[in-house]
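Take this structure, written in structure tokens, and hold onto it; I'll ask about it next.
Per-chain residue numbering starts at 1, and chain names A, B and C are given in the order in which the chains are listed.
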Amino acid sequence: MLEIKNLKVSFHAYSGEVQAVRGVSLELKSGDILAIVGESGCGKSVTAQSVLRLHDPAITDYKGGEILLDGKDLLKLSEKEMQEIRGKVISMIFQDPMTSLNPTMTIGNQIVEVLREHEKGADGKKISRKEARERAIELLKMVRIPNAERRMNEYPHEFSGGQRQRVMIAMAMACAPRILIADEPTTALDVTVQAQILELMKEMQEQKGTSIIMISHDMGAVASIAKSVAVMYGGLVVESGTVEDIFYRHEHPYTRGLLDSVPKEGQPKDRKLDSIEGTPPDLVKPPVGCPFADRCKYAMKVCKDHMPPENALSESHRCSCWLLDPDCPQPRLSLKEYDAKEGDQNNG
Amino acid sequence: MRNYIIKRILLAIVTIFVVMTLTFFIMHAIPGTPFRTGNDTISEESLAVLMTRYGLDQPLYKQYLKYVGNILRGDFGVSTSNGYRSVTEIILTAFPISADLGIRALIFGTIAGILLGIEASLHRGKAVDHLSTVIAIIGISVPSFVLGTVLQTVLGLGLSGWVKTVFHTDYQLFPIARWQSFRYTLIPSFVLGMGTVASLARLMRTSMLDVIDQDYIKTAKSKGISGWAIIWKHEVRNALMPVVTVLGRMIGGVVTGSYIIESQFAIPGLGKYLVNSITARDYTMTMGLTVFYSIFIVASMLLVDLLYCVIDPRVRLAK
Amino acid sequence: MEATTISGKTAEFQKDFTRVTRDIEASQKIHRESMTYLQGVVRTLKRNKVAVCSLVFILFLILVAVFGPILFPDYQKTDLLHTLQAPSKEHLLGTDELGRDVLTRLIRGTRISLFIGFAAETINLIIGVLYGGIAGFIGGKVDNAMMRVIDVLMSIPQTLVMILMLTVLKRGMGTLILSLTVTGWIGLARLVRGQILAMRENEYVIAARVLGAGKREILLNHLIPNAIGPIIVNYTMSIPGAIGAEAGMSYLGLGISVPEASWGNMLQFGASQFPASLWLFFAPAILFALSMLAFNLLGDGLRDALDPKMRK
């Protein structure tokens, strides 16, 4: 349904051209929940926001690639055509619900606004304010805001963080979009609230059939909601596949690093969490080879000098890593014994 | 919220008292009496009569209490340079004219300034933006008498001279003096409003740029709201909030700034009296007007603050 | 991306599978090489042509103010035989009603006006930083009381203060500067206090405190260096305000009085002669307007350079 092909996005910053996205290809199938994971600055948000072309046009350059919605390239649409897609076909919720709602407009009006922008009544004209209000109340009830009628007239600062994110979801779902993009929807929330919001999103997907792209760096959240996962690093997708592919059959050392940095159930409490040492590459001068080479404990000379090719490991699973090259003397990452041996060497 | 309003009103009252007290003691720091200044030829006897009549022979604290009492009753004393007319009476006749000029200038200045600021922020770094910066800087820092002089000469005298040679009539589109009909108000209101245009344009621009970067603007965009609706319903509305907070000070600026324009265009407003009283060393008048101006400004700042409480839901609903 | 091949195909280059040790240092090196804050500021400012021109112009004005009157001291010399002369070879900017050379007076006026601007604003800077710094750093009740004082003073318009003081006290440069400093420091004090309050909550200051840094150290090493940017911007932008205020007072005859020269009294006299003797008006008016623009544009440039978000 939505296909991103070799997308390249650059920003013009004072330090030069930041190549935030350097050739990303992704596919979102109907009814899918696709998670894009990676550290901050890896280009995951930029990729997602590019779908709706939300970046400031003055400093953003879509250098190449296509974003195809049912075969239609969104990057080629006029701003006017794009407006009809935003909020109607594809909508978005953001990381910080505290700042994502207009502070001087009532919650009700903010939902009514999107309805009146896109929804048409039986007569073909835009729906009346009254009807929009009624539907907005329904939406608030749907995301389980108590006393919806009364709360319509309240302002964002009268809502708690979790409630505001619910309102954001209500707003995003108002016109029953086919795709919902959630940019770190739970990062700014309390842990208990996080689960509720994820549950709500899952419900929306199941009930309304909306496909979801979720940006996250929280592997726990990804595991609980996603059906497929793309791991991004340094402006590239380094590994992608179904959630099982990524969690149980990953081949990329970066994916391994991400998963190792999550505390696991049943793990001894005194065990130190593994974090990935070092910092992501500077995308003003991106490395010629694998972006992860400098931080990778399996790095080889070829990694530094050449971009690894994308290897198809199965119908769904793709990974770009030199370890997968048939000529590579090192065993594949999924062979656990190797890692254990490596660990012994490091300790000894 | 209620506490805030009470606090705000108390603060205004304290401010007015501080100004009154300072003015009083500055006034009494001047050597001599208000009745014998410059070339006045007042005899000792009449001086003594005047001193008793206005209570100047009494101890300072009594005078102070009397002075405060008088002001509270609306009595600002008499003006020596205006034939001993009561200052209050002068204020009552002249202030409406100043207020008229000030309101025109404020309306022009606020609308033009806000629009210019919006325009500049939307075309950041482009010609409009640079033009608005230059207008703003010139408008803020060039004293109004300079702009007044140029407009008075070019639009007033120049245009009417040209009209006279071409059409043989004395019609003046932009009369250069007095305050009679709408035509008379154009140049003075424009000149007086320029300062407001300038400061508001800059403030609005900064405020807009600040709002444009906010997350909720991205939300609005992601909802598919059209560009104009985003600008007016989301950006301008939020950007206006900080602008409202300075409007009180703007009013003060316009009111105290009008003295130059009024005396330059021979408008019989309060500012003209202020200038005259300074040149005539009419201290009672100068002090009286200062106190009156301060009260007016403090009151308008208070009103604007209260207005802000009403329009910004975040302040209005804070308990 | 030349090597985007599906597994199995051979690439055209020699693949060297020698293990290399992980190079965390290298991954961080790029970031360490990136510009320091100050370098970034200077670089952005240098790129801003308007700001650089403004800075050059201001430096030129300062040179004129310092050395000009030494080279051309005769600003008071009258020549009643050549009054109100239009610009000529002898008098590049003409003469005034007493036959004084306008250019020489303008040079003198530059010294006087700049002195007023810099002196008044430097005093305001010192008072403002001290007041705001103390209020912000001590906080609590002291801060509260100090802020109430500011609230009261803020409601008193500067024009009125100046008129009052210049009416009552001896007119002249001293009183003028004094009257500019009665309420002039408030903006800066509020700014400094705001900066300090914001930074007290900042993580690195909390970190420094946890590490046992004393109040004095925090103030000197963390707060002041970080507050300095906005302070410089404010200082630069307020100088033209003070110079302009003198000009405004000149209209009331409360500014610098002749035979001393200032931009204000030259403008006032020029305006009174407008449009008969245009040079009397335009000479000070153009210089005045250019200076106002220069100070403000430099301030704008500095603010943009100091704000990392604005660097593009």
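Basically, a residue touches a chain if its C-beta (ideal position, glycine included) is under 8 Å from a C-beta of that chain, and two chains touch if they have at least 3 such contacts.
Predicted, not measured: the structure shown is a model, and the values here were computed from it.
Peer 1: Most central chain by CA mean?
Peer 2: Of all chains shown, the one whose C-alpha centroid lies nearest the global centroid is C.
Peer 1: Using each chain's Cα centroid, which is most distant from the centroid of subunit B?
Peer 2: In terms of C-alpha centroids, the chain at the greatest distance from subunit B is A.
Peer 1: Can you give the whole-Å distance between the Cα centres of subunit B and subunit C?
Peer 2: Each chain reduced to its C-alpha mean, subunit B and subunit C end up 26 Å apart.
Peer 1: From the mean C-alpha coordinate of subunit A to that of subunit B, what's the distance rounded to whole Å?
Peer 2: 54
Peer 1: Between subunit A and subunit C, what's the gap in Å when you average each chain's C-alpha atoms?
Peer 2: One centre to the other, that is 45 Å.
Peer 1: Can you pull out the residues of subunit B that are in contact with at least two other chains?
Peer 2: none
Peer 1: Could you list the positions in subunit A whose residues touch two or more of the other chains?
Peer 2: In subunit A, no residue touches at least two other chains, as defined above.
Peer 1: What are the residues of subunit C that contact at least two other chains?
Peer 2: Where subunit C is concerned, no single residue meets two or more other chains.
Peer 1: Can you tell me which positions in subunit A touch subunit C when the two form their complex?
Peer 2: Residue positions touching the partner: 12-15, 23, 59, 277-282, 285, 294-313, 322, 324-330.
Peer 1: Can you list the residues on subunit C that touch subunit B in the complex?
Peer 2: Of all residues in subunit C, those touching subunit B are 148, 151-152, 155-157, 159-160, 163-165, 167-168, 240-241, 243-244, 247-248, 250-254, 264, 267-268, 271, 274-275, 281, 285, 288-289, 292-293, 296-297, 300, 309.
Peer 1: Touching residues of subunit C toward subunit A in the complex: what are they?
Peer 2: Against subunit A, subunit C makes touches at 1-9, 11, 13, 15-24, 26-28, 30-31, 34-35, 40, 43-44, 311-312.
Peer 1: Write out the stretch or stretches of subunit B touching subunit C in their complex.
Peer 2: Its residues touching subunit C are 11-12, 14-15, 18-19, 23, 26-27, 29-30, 133-134, 137-138, 140-146, 149-150, 153-154, 157, 213, 252-253, 256-257, 259-260, 274-275, 278-279, 281, 283, 286-287, 290, 293-294, 297-298, 301.
Peer 1: Enumerate the contact residues on subunit A facing subunit B in the complex.
Peer 2: Answer in residue numbers: 52, 54, 58, 79, 83-88, 91-92, 94, 96, 99-106, 113-114, 117-118, 155, 157-158, 168, 171-172.
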